[in-house]
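Consider the two complexes below, in which subunit A is the common component and subunit B and subunit C are the respective partners.
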Partner chain A sequence: MGTVWGWVSDRWEVVVLAVLAVAPLVIPALGGALGGQVTTLFIYCILALGLNVMVGYTGLLHLGIAAFFGIGAYVLAILTVPTFPFQIGWLAAAAVSIAVTAGIGLALGAPTLRLRGDYLAIVTLGFGEVAKVTLRNLEQVTGGMKGLNPVPPPGAGVTVAGTDLGLAFAVDPRWFYYLTLASLAGVVWAMRRLENSRLGRAWVAVREDELAASAMGISATRVKLSAFAMSSAVAALAGCLYAASLSTTADPNAYDFNRSILVLCAVILGGLGSIPGTLLGVAILVGFDTVLAPWADSLIQQLNINPSGSSLLSFSGWRLAIFGIALVLVMRYRPEGLIPSRRLAAELHGDQR
Partner chain B sequence: MKRDRPASATDIPLLDIDRMSMRFGGLIAVSDLDLDVPEGNIVSLIGPNGAGKTTAFNCVSGIYSPTSGSVRFEGHRLTQSFGPGVFWTALAIGLVVGLFTAAAAVDVDRLWLAVVKRGMAIDEPFTLETVRRRLRGYFRAELAIDQMAGKWRVVSADGRDVLAIRRDLADARSLRNQLQAAVTARRAGPGTIPDATDMAGAASPSQPQALISDDLLDRLAAGKARVRFRGWAGLLAGGLLGAAGTIAIWRRGRRSPHVVARAGISRTFQNIRLFSNMTVLENVLVGLDRAIPGGALAMLFRTPANRRGEEEARARAVEALQFVGLAEAANRIAGQLPYGDQRRLEIARALATGARLILLDEPAAGMNPTETTELAQLIRSIRDRGVTVLLIEHHMNMVMRISDRVAVLDHGVKIADGTPADVKRNRRVIEAYLGGEA
Partner chain C sequence: MPILEVNDLQAGYGPITALHGVSFDVEEGELVAIIGANGAGKTTLLMAISGIVPALSGAVLYRRRSITGLAAHVIMRQGIGHCPEGRRIFSRLTVQENLELGGFTQRDRWQLRRDIAEACELFPVLGTRMTQVAGTLSGGEQQMLAVARALVGRPKVLLLDEPSLGLAPLVVRQMFDVVGSLTARGITIVLVEQNARAALALAARAWVLEAGRVTLAGTGKELAADPRVRAAYLGE
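Up next, the complex of A and B:
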């Protein structure tokens, strides 16, 4: 029994992945609107894992992750939409988008290397706003408030066994479900690998004590820049999936401060620097928002509890209040997060020395 | 890093501090310190509190840059040299920043419209050649054809001036060519015969000049001097900013602790600075960072070289832990170790970097007599491994027992330097510790 549990807790990601992979075969609802909601959830998971590199591992407070999410989505859209002459395939466009966004991350990181804590938070917050306003005002390039659309689905024009893959993506949400699930699995795998490698240790060492780390021969500059780049790149991947799944970049307001904060809350709620914690945090916060709240609303409507349509009696009306109370409770009773990383748990429970 | 020449063991001391001063504003913390640390020795730096010992350590290990004087390790100053790598990086970053600035300065929207979007309206292929031509056309304020609500318009390249609207593309094309010819003729000056290609379609009986006012013709012929100026100014300013920024960042890291550490000097801290939420083993592995080959991709895919490096590093980390007697605690969280063990872990971490000189800042602080004796033994065995030790310590018993040489600092000035026996008898040292005669 104990060994079985040990195996499971060591390879929780394999188990979860297997369950999620089988789920669409068992739950037919995942082929409908629910599938789309869960896909969004996976995309947020990827975004949060990207943010976790900076906030969790390296300890750099980043309040502008949505900007990188948006830049990733827009670069992909510019390279694929029919209003521009590039129209390259989704995979190639995603690769370019990730590289460009990582470069922009580096460009933001380089001049802000000396900043920590609040100061870096202000800079990243400002960058997020600048990026949003830029996306809105560069109308010829980004389509202004209309955004860029239609973003063709991945695999458009690629024919496999007589069916156009793009068409398959457009018709059945399960294709996107599997694409995002596979991407998420890839990101989790990569994070696992990096966490236990030289780079992962260097990230944590810089967070713990930058001076001591550099006295051990670690270049804090390079380590922080690599965290910036990695974070931005993963956020861009999430952005590429997002734009493709919506088939539009949506308007720039979709990439505003609220989204950054939501993802940051998810990371903190789940546990800074912890992969399962981050995923759980997203599942709770975003899942509550995108899956549970609409479901509860439709239930209220079905049961005819709220015939007058008063917002006091709808679930969505109370959404943010519940959200806030839950966050306060978690921070009070479990400040290290729901599934803390081994390292942070030690810090917050004060049994050092 | 200048480490090309191996030090000849006899004539050059391992560490050579030469007239090093460190001042903070008006306070002189270290004044003209001369100190040689010969290879294979244990050298102690002692002195009353506030004598500038830790400041001297910080100067050596790159945390501070000395105000004057030099620190040489194996005969070399520990600064990164300005190599071609830095130059090309600065140039490349400058160019990228410059291009962005230029695009912003000349109006990204119109540039994008002229270079990317307009070609789609007239079904022009998107190749490097067409991009180059449209870019040039934009900066010369040439005329272009645009589509709007199913009609073809002859416009200036930035789309600001609409000259004519035609139902038919061929019609619009020929009109554009005539107008362009007129503009080119005006640009070339009176009496010049326009280029044959510019004259294509000029045989048409219509009077294109009527569509274009003299004023506009002049403006178009002059090209967009202002836009061109903004483009170049943006490129130049952005390029300078990018290159200067890169060099500034490089300069800042020129003599930073990690450069010094990579050269072979490692240290411990007076107030323990472990990575307290990492395990004991991980702490030592951070010290071994450089021993593991491969970049991010190698780590991601665990290339054989990376995997082997990681395994070797683990073996070396365990060995370092055994050396200081912490092998059993390898998987504990560093911050939860007892105080004395934390001190020893810091030494293990410093040793793991493969340093040839190790700076110990008050390693015995807060230790009881038994622990101090063990520590003295440990420091001796560090020396026996071939690692030179420079020590700051207040436990005089230990200092006098293990040191090969002792240097005494008082108020930032070295007042004595010699064997422990000499220093113990030195009058100035006694005065510094016990106070001078009244």
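Up next, the complex of A and C:
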């Protein structure tokens, strides 16, 4: 038993990936609304892994990740919707979007790198609000509150074996399920590689002690900028997938402060700097929000427990309260997160590895 | 020709000037000591040399070329290692990870492995603690790790800030033995110490720092025999 469990815990990514890859074949509901919800969950996992680069590895508090998520979605939309003359195809647009968003991350990072802790948090928070308001007010470009649509599905116009890929995406949500799952798997793989790379070590060194890191020949400025860029790029990828799966950017409020906080809470709840922790945190918080809460609401409706429609009796009405209580409990009893990175656990409990 | 030359260096923090024009020089392969009381500016001097604190005026020359005003990581990459005051080890990381970060600039993995093995030869206890989280080491072991980490970066000149601070007498001896042996490896040492007796015994030359100025200079022996030094720093 022990060895089986050891094998599984060493390769948890492979096991989870295999289960998720087979799931749509055995659970027909994943071909319907549930598939869309799980797709959204995967997208948030990607977003959270991006945020984790800054908050977890590099120790920079970022309160505006949703802005980069949104910028990624809007740049993709501008390059693909019929109202603009570009329409360069999803893949190329996603690549441009990721590069542009990473550049915007650098542009925000460069002047603010001297700031630490709370001050950086305030700047990123402010940037998040500015970005949202700009998206709303720049109507000629962003469509204002209507957002930009229709964002064509990936592969629109590309025909494989007589079927238009775009059409396949539009008809069957399982295409998006697999696209986002594959993207998530790619991001997890890349993060694993990064953790053990020179850059990953430099992120951690700067988080732990900037002065000592510079005495090791590490340029704190460059290291922090790279974390900004990497975070923004991954958030942009999530944004591209999001806009494509909804076939619209949705309105700018989809990328507001609440979204940033939700993702930040997921990372903290799961375990700062921990890949499995981040994924679990998202699965719990966002899964609760996008899968469990709507399901519980519809159940309450079906059972006719709440005929007056009072929010006190609806599950969604209690959503934020439950979030809050859950976070307080986790921080009280397990401050390093549900699946902590080894380092944080060591510090908070003084264990040896 | 001195490998490191400090000319009339002034440095400080914000409105406070901690160094009021300090000059000294080190020959290649030499061990020199800077001694002085708390707050004399010893730590500031090392930090100004390694670029952590910006110099207000004056110059630092390394192999006759000015390194004044360069960023800390650039100065380190030129060959000036700094083992900062208070150890500053990465306490949440393992001993192994600390040493690997010490060799961050070494891109050849095999060379890095050799450098780490070599540093562990100097402090054998570290070799037995590689997977331990550094914050759980004893104070002496943490100091050894700090010095070993600086050595993995293969410095030509090593700035050592109070390597004996807070250590048990037996460990202090061991530490000074290692520091004294480093010059045989071709490493030039600038040793900052409050333990003046031990530092002067090792140092070819030494400078006494008081309130940000050099007040005395000479060979280690001369200073150890100087009545002013004996009264103020050797407790006699």
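One rule holds in what follows: the second predicted complex is superposed on the first by the 349 of 353 C-alpha atoms of A that agree within 3 Å, B and C clash if a C-alpha of one lies under 4 Å from a C-alpha of the other, contacts with A are read in each partner's own complex, and residues count from 1 in each chain.
Just so we're on the same page, a contact is a pair of C-beta atoms (placed from the backbone, for glycine too) under 8 Å apart; a residue touches a chain by one contact, two chains touch by 3 or more.
The structure displayed is predicted, hence computed values, not measured ones.
Applying the stated clash criterion after superposition on subunit A shows that subunit B and subunit C collide. Once the two complexes are overlaid on the shared chain, A:332 sits clear of subunit B and of subunit C alike.
In the overlay built on the shared chain, the residue A:138 is in contact with subunit B alone; subunit C does not reach it. In the superposed model, more residues of subunit A are touched by B than by the other of subunit B and subunit C. Of the two partner chains placed by superposition, subunit B and subunit C are both touched by A:219. Once the two structures sit on top of each other via chain A, subunit C runs into subunit B at 260-268, and not at any other stretch of 188-196, 206-214, 260-268 or 296-304. 198, 201-202, 204-205, 208-209, 211-220, 343-344, 346-347, 351-353 are the residues of subunit A that lie in the contact sets of both subunit B and subunit C, per the superposition on chain A. Here subunit A touches subunit C in the complex through residues 198, 201-202, 204-205, 208-209, 211-220, 343-344, 346-347, 350-353, going by the rule given at the top.
Interface of subunit B with subunit A (complex): residues 61, 63, 97, 108-110, 112-113, 116-117, 119-120, 125-126, 245-246, 249, 253, 256-258, 260-262, 266-267, 269, 273-278, 282, 285-287, 289-290, 292, 294, 296, 299-302, 306, 310, 333, 335-336, 338-339, 349-350, 353.
On the side of subunit C, the complex with subunit A involves touching residues 50-52, 71-73, 76-77, 81-84, 88-94, 97, 100-102, 104-105, 131-133, 135-136, 149-150, 153.
Interface residues of subunit A facing subunit B in the complex, by the touch rule stated above, are 83-86, 107, 110-111, 113, 138-141, 190, 193-194, 197-199, 201-202, 204-205, 208-209, 211-221, 226, 230, 342-344, 346-347, 351-353.
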